[in-house]
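One structure is given here, and the rest of the page talks about it.
Read from first to last, the chains carry the letters A, B and C; within each, the first residue is number 1.
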């Protein structure tokens, strides 16, 4: 397997505060990787740095191309979809318009129409509400919409920032099931940042643990799940 | 590391969220500025003293807007109306009632406070551009109301009223201009100190909580409606005192002196001085008093364009106004100390 | 009763002016989430450009098209040159920038074309419309053009990808970038479109108020008021708001005693504010659902 995303010595800054202190990691094509860590460890910053939404230095390569200096929209146009924390729903627009926006950088009109239908089969709840203002959806529905919107890009890589945040456990199960399915069936490489470590490790095949802006552990998700330190700190048993 | 973190705090880009510590000057700088304000008039001509008086008066009006916008996050294009009410209150009390000029000022302040507080009630339902439009309506209505025939006996209608300039009391050997300057300076300092204390008080914290997040503020038990209207009242009250002083200094009130243009000037003064930074008010005031004259001096036909270009230059160089200059200076000073 | 009907009709005629301007206001608001105080001046300048072209012998519709194209380009240039550098500056600093732009354009137009009043032609003629003394063919034409622009804008925002992208960029820039929209250019495009629509408004308004550098002062204020009244997020609301403001203004002038021309504005504004207090998002504005 080849590395799809390669990150070397990534450092990120908020004003004069450094949030990442030289991160190195890579994602294999077709993998589902999770990035674990406590609050403030730098998980969100890592995702934001990949999309150039925060000032950073270091080398980021996507499919062999350096992307560190590209603007956010140009990173996205390479096929990297980012579902941000808080979902970033266009609340004043309808559900369908949100989906169309996901595909705004594509020009294959016919395929877009098909993809919207496909999203409705993945997420039936969205179909019932397609003319509804997206802001009126529940939290879980908005998260579904955010994932669907990201998929409308037909991404090669999908970055998810705490998709389980604020959702009921049952809905989280649903959502993670769908993510696994997308990863397997549509061959989308996924990097998911999570606080719900148990669930993330069940789902993922690779895992990284990040602490105060540094990667402290990496490997197979099963091995990580069995690691004693990780169990104590993140899984609570 | 902790020093670096602190610098970031003062550098935070959102002008809407100035921390209260950053709203004022340090003691040393304050004393230097104060000394300059006290000494300079002794050395210059009467006309310049008059201009410095106006500088303080507009400074007060900008300060008032700063408390409203920088403090409580509400926006107003209607300050000229409060200024007008203050000016007319002083003028009418002096000329029709024969009251001492100094006594008219607190009355102007109180009347404007009430007026602002009342206006704050409907304004509660509005924010952003809607509030701008509402206050704008107030500003355009004011000169017209002052011209109305019903009030002409008191206001002098379109002609306005002439106000007598007071002499220095107790036989002090000072020109009228100089006395008025020191009188204004004393009031300005008193209001400035009171404003600083207000923003540092419980009410000030309430203002800022509302500015930063209204919903969260109300969840913490801040009476949002009360404090928002209170901010309007305080701002209007200070503007009213400034208006009263302005009437005495200019010796004249007329409806066309208080148009929307004045409100826009005060707004520009606030932006140039730095929104939410109280000492910047005086810098902003200097900008709106002197820059139009400079522009006129550079080109008579194109004075508007020159003014516009100068304004653009200022906001390009220091988008956060004079506050930004102060912060940079502070950081430089800190660096020099370290080395 | 006939007086009332006539005043309403006259109100609709003046309202068309405000509706035209309000449409331009909503356009820029959609793009930059702000009211541009210099918009009236930009429209005035465009109108002068078209007048100048006609003086040089260009026929009306030729000058019209050239002016719209010029304004579109000029709007983009102004944004790139003056407001892109302020993109990260606080909102109120941007507002100060609008005021500066206002001063510059007004002053330059005064220098080039001076402050005397100029006649401006209308392509629709100025005979009474359908025999009514209150509404002229020009005003009817203006209403027609306004409605046409409204329909075009509606389709643009609702059914084109660029329109959708512009709305997204205006409402949530960060999310818009995350779906691959170049938000910075969307803003420039919004300026261009607003300037173009403003130029059409200016060319429609000029035959009524005459051409001079301060011609847009009152119109812009009513235009703002109309846009705010109708709801800033709705081009349709802006047009309806424009007509309502025109009618308001006329009725106030007719039925409230002692109201001269000068008090009409504050009273009309006060009425609008009253409406806003009751309906803070405007008559047709979509209330935004907020989740905390």
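Here, a residue touches a chain if its C-beta (ideal position, glycine included) is under 8 Å from a C-beta of that chain, and two chains touch if they have at least 3 such contacts.
Here the structure is a predicted model, which means the values were calculated and not measured.
In this structure, the chain pairs A-C and B-C differ in their number of contacting C-beta pairs, and the larger number is found at B-C. Across the assembly, the mean Cα position most removed from that of subunit C is the one of A.
Computed centre separation for the pair subunit A/subunit B is 49 angstrom, with centres defined by C-alpha atoms. Once the centre of each chain is set as its mean CA position, subunit A and subunit C turn out to be 42 Å apart. A straight line joining the Cα centres of subunit B and subunit C is 32 Å long.
Counting partner chains per residue, subunit A shows two or more touched chains at no residue at all.
Note for the complex: subunit B touches subunit C at residues 13-16, 69, 75, 122, 125-126, 129-130, 132-134, 136-137, 140-141, 144-145, 147-149, 215, 264, 267-268, 270-272, 275, 301-309, 311-312, 315-316, 319-321.
Of all residues in subunit A, only 51, 53, 71-74, 76-77, 81-82, 84, 88-93, 97, 100-102, 104-105, 133, 135-136, 149, 153 touch subunit C in the complex they form. Within the complex, the subunit C residues that touch subunit B are 34-35, 82, 85-86, 88-90, 92-93, 95-97, 99-104, 106-108, 110-111, 221, 224-225, 228, 232, 258, 262-263, 265-267, 269-270, 272-273, 276-277, 280, 292. Across the interface of their complex, subunit A is touched by residues 161, 164-165, 167-168, 171-172, 174-183, 233, 286, 288-291 of subunit C.
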